[in-house]
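All chains are identified by letter, namely A, B, C and D, in their written order; residue positions are counted from 1 within each chain.
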Amino acid sequence: MTAGMNEKEMAQRAAAEIRDGSSVNLGIGMPTLVLDCIPPDRTVFFHTENGLLGMGGFAPQGSAHPDLVDAGKQPVTSIRGASFFPSDLSFAMLRGGHIDLAIMGAYQVSEKGDLANWTAPGMLPSVGGAMDIAAGVQRIIVLMSHTTKDGKPKIVRELSYPPTGFACVSLIITDLCVIEVTPAGLLLRELAAGVSAADVIKTTGAGLIVPEKP
Amino acid sequence: MTAGMNEKEMAQRAAAEIRDGSSVNLGIGMPTLVLDCIPPDRTVFFHTENGLLGMGGFAPQGSAHPDLVDAGKQPVTSIRGASFFPSDLSFAMLRGGHIDLAIMGAYQVSEKGDLANWTAPGMLPSVGGAMDIAAGVQRIIVLMSHTTKDGKPKIVRELSYPPTGFACVSLIITDLCVIEVTPAGLLLRELAAGVSAADVIKTTGAGLIVPEKP
Amino acid sequence: MIDKSYRSSLDAIRDVRDGAVIMFGGFGLAGIPQNLIRALYEKGTRDITVISNNPGSRLGDNEYGLAPLFQAGRVKKYIGSYPTATRSFKALHEAGKVELELVPQGTLAERIRAKGAGIGGFYVRTGAGTLLAQGKEARTIDGRQYILEMPLGADFAFVKAYRGDTFGNLVYRYTGANFNPAMAMAADITIAEVEELVEPGMIDPDAVQTPGIFVQRILKGERYDRWYE
Amino acid sequence: MIDKSYRSSLDAIRDVRDGAVIMFGGFGLAGIPQNLIRALYEKGTRDITVISNNPGSRLGDNEYGLAPLFQAGRVKKYIGSYPTATRSFKALHEAGKVELELVPQGTLAERIRAKGAGIGGFYVRTGAGTLLAQGKEARTIDGRQYILEMPLGADFAFVKAYRGDTFGNLVYRYTGANFNPAMAMAADITIAEVEELVEPGMIDPDAVQTPGIFVQRILKGERYDRWYE
């Protein structure tokens, strides 16, 4: 058994943060796994910035419609009580603070909750809705691997990647742990099975507050 | 027979300025008379700023609906091909220059085409959509009596009433004449039956360009 | 299952306290939240700031809509475009009993939308150089004069739609929409009254005009009076 | 009787000249004006400035939507939020053959709406302090950092709706609306292609999403390919 959470477990951990009746924007990639982790007794309004509140899940083979897609351009379904709307209204929701929660991937998160997830140095940049979400959504959870593929920390004192937004991340869920961004600093809230606080400290590029019993 | 045009004739004269297929906002009061002056072979999209493009006319007794009203809060009808929309989109049309023509009343018009029609000194002011229309509509025609009830000029060198907008009026239709606002000044274009250029000059508070044959 | 519906107008406004800033949808008497207005009158809430295109409407010698709130002295300040719609507002204003912030109608709609859309301020030509530009920052853009207008929000928005579901999705009818959709976006708590309240799924997702995310409470209006001016 | 309908896509775009600034509705391949794009490709128009959320879409090894215009070297400048959607854009940009103006997606939608709504400029928090704020005026409002964004218009908007009438009234479906309604307001000439073209009066006035006043030309699209990414 490998220590730490796999992607499915990380998505499940993120899903536990979603309250009944809340509206949630999911970034493309790993965050879309959260779609399948919501208990049936909970009503969650998944928002996709291209114009749908009440996304159901990925469309089953044969029922896909090319004009019904999510932000990752995948065919999706809509739930009972959903609504469609244009991009200007969709981003009014995001920028105006009407969306309760966004779950996004990241290249880096700083100890102040600064977020880097839109481009890397030397890349042709694409931004999509990342900066609008970072600026407007009430609460942002980052779902990412604890380190880069070559083992470098992604949780850092100061961003070295171009920032998407500032002091906007509330919670970081990685394969190793759950970290809360607090005014006092990064608080290690939970450890994944088989992971020690020392493992986390070693692979984190910023100071961590480690409670006696995290 | 009294010299000059009555209100109906003035409305008819204004209607002659309306091209087929154009969109027209009518101010409350005398301008609404224009509604009944459009030949049946002409399609005109009357816009009412509370949210209707394609106003038909005043609703016949018995078919009025309290939620289908014009800017003067009168029950109206809609034509085939009409659309309803909220105030924010309605004023986007006005401010964004999408409405071809507005026909409004006025207290005063200056020789530069400045318009005063929202409030008078000493009055409790109301503004409604007057300033939005003055700022955004492509072409504005003023429909008004040539003088005040006590015979004072309403066409003046400089406004003494609080301005609604600046250099926004294109054409003035009064009971006595039709005057075009040009870069060179006010041009007397037409005289009503039984009215002489001298009659107009006498009752106008600004310089007039009087062609040999107005 | 989420259910935002309330049993009555009074029930839905129970926590509206004295001094609240409240937006009211409607233009004249079209699309006004008449049940919520009546409930607010009955509740006796005082020192209200009213944001509405007009402070009620006059038909002959009687005044309707928001007018009774003004007449009863419950309103501290009025923000809108058409205060002369009622005699009662004029009298109260002349007596120094109610403050007035006069806003051009389109700017009013846009300031409210701006609040809902997370816009920090915007430039318009409307009103530039006039009395209503006083105290506002001016700016020349492409050779034309603009003024800076700021977003306008509220503690509560009372809105009226024709149909709604228990998730708060709303559909309007005719010119009854007017300020309602923008106001629904701009308040901390939006309370919607509807003529028909249905279950989620009964409104075509493409027909929704105000998505439920903007609506915190919804109720079926007790009674719809029909006035004609 | 006013009739804005055109017989074909090519007919509707005949006066689009080299160097034109053109907005294209659509997000990915949802709601793109595919017939107008094909017609523009066939017409051979050059030096276009493209305003669109993405410069086409990639499915496996093939690229669709706007991508052929880029591949054929017809595009001088691209303004949008997601240039990495295609490999062809990346290659052209690296070769210095196409300019890029990168705009956050919500700011893109709002700048386009601002143009259509007669807004001279507006402040948003999106992007403040980031690389995309470079050269933009910053301003602190209520203690938070904002940047000034300017309206974005075009010579032409090519939009796609599900249904339309010959007055230009449009109705969208599902997530096919996206940028189309805002773009329809923001161009000198808006050309709409629809899957169903009907007579005026066949669309419920309450269901119209883009009023005909914003649309100068309309046509029934010749062919609708269905792609799934």
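Worth a mention:
Following the convention adopted for this analysis, a residue touches a chain if its C-beta (ideal position, glycine included) is under 8 Å from a C-beta of that chain, and two chains touch if they have at least 3 such contacts.
These figures come from a predicted structure and were not determined experimentally.
Listed by label, the chains touching subunit A and subunit C alike are D. Annotation: A-D is the more contact-rich of the chain pairs A-D and B-D, by number of C-beta pairs in contact.
Seen from the Cα centre of subunit A, the chain whose own Cα centre is farthest off is B. Subunit A and subunit D, compared by their mean Cα positions, are separated by 29 Å.
Computed centre separation for the pair subunit B/subunit D is 36 angstrom, with centres defined by C-alpha atoms.
Separating the CA-averaged centres of subunit C and subunit D is a span of 33 Å. Distance between chain centres (mean CA atoms), subunit A to subunit B: 55 Å. Contact of a single residue of subunit D with at least two other chains is seen at positions 110, 113, 117-119, 124-125, 172-174, 206. Shared contact sites, meaning residues of subunit A that touch two or more other chains, fall at 52, 78, 84-85, 88, 91, 94-95, 135-136. Under the stated contact rule, the graph of chain-to-chain touches falls outside the line, ring, star and complete shapes.
Shown are all chain pairs that touch, namely A-C, A-D, B-C, B-D, C-D.
On the subunit B side of its complex with subunit D, the touching residues are 20-21, 23, 43, 45, 47, 52-54, 78, 80-85, 88-89, 91-99, 135-136. Remark: subunit C residues 27-31, 53, 57, 81-85, 90, 93-94, 102-110, 112-113, 124-132, 162, 172-182, 209, 226-229 touch subunit B in the complex. Those residues of subunit A that touch subunit D in the shared complex are 48-52, 64-69, 73-75, 78, 84-88, 90-91, 94-95, 124-132, 134-136, 162-166. Touching subunit B in their complex are the following residues of subunit D: 1-2, 113, 115-119, 165, 167, 169, 185, 200-201, 203, 205-206, 208, 211-214. In the complex of the two chains, the subunit D residues touching subunit C come out as 110, 114, 117-125, 139, 141, 144, 146, 171-174, 206-207.
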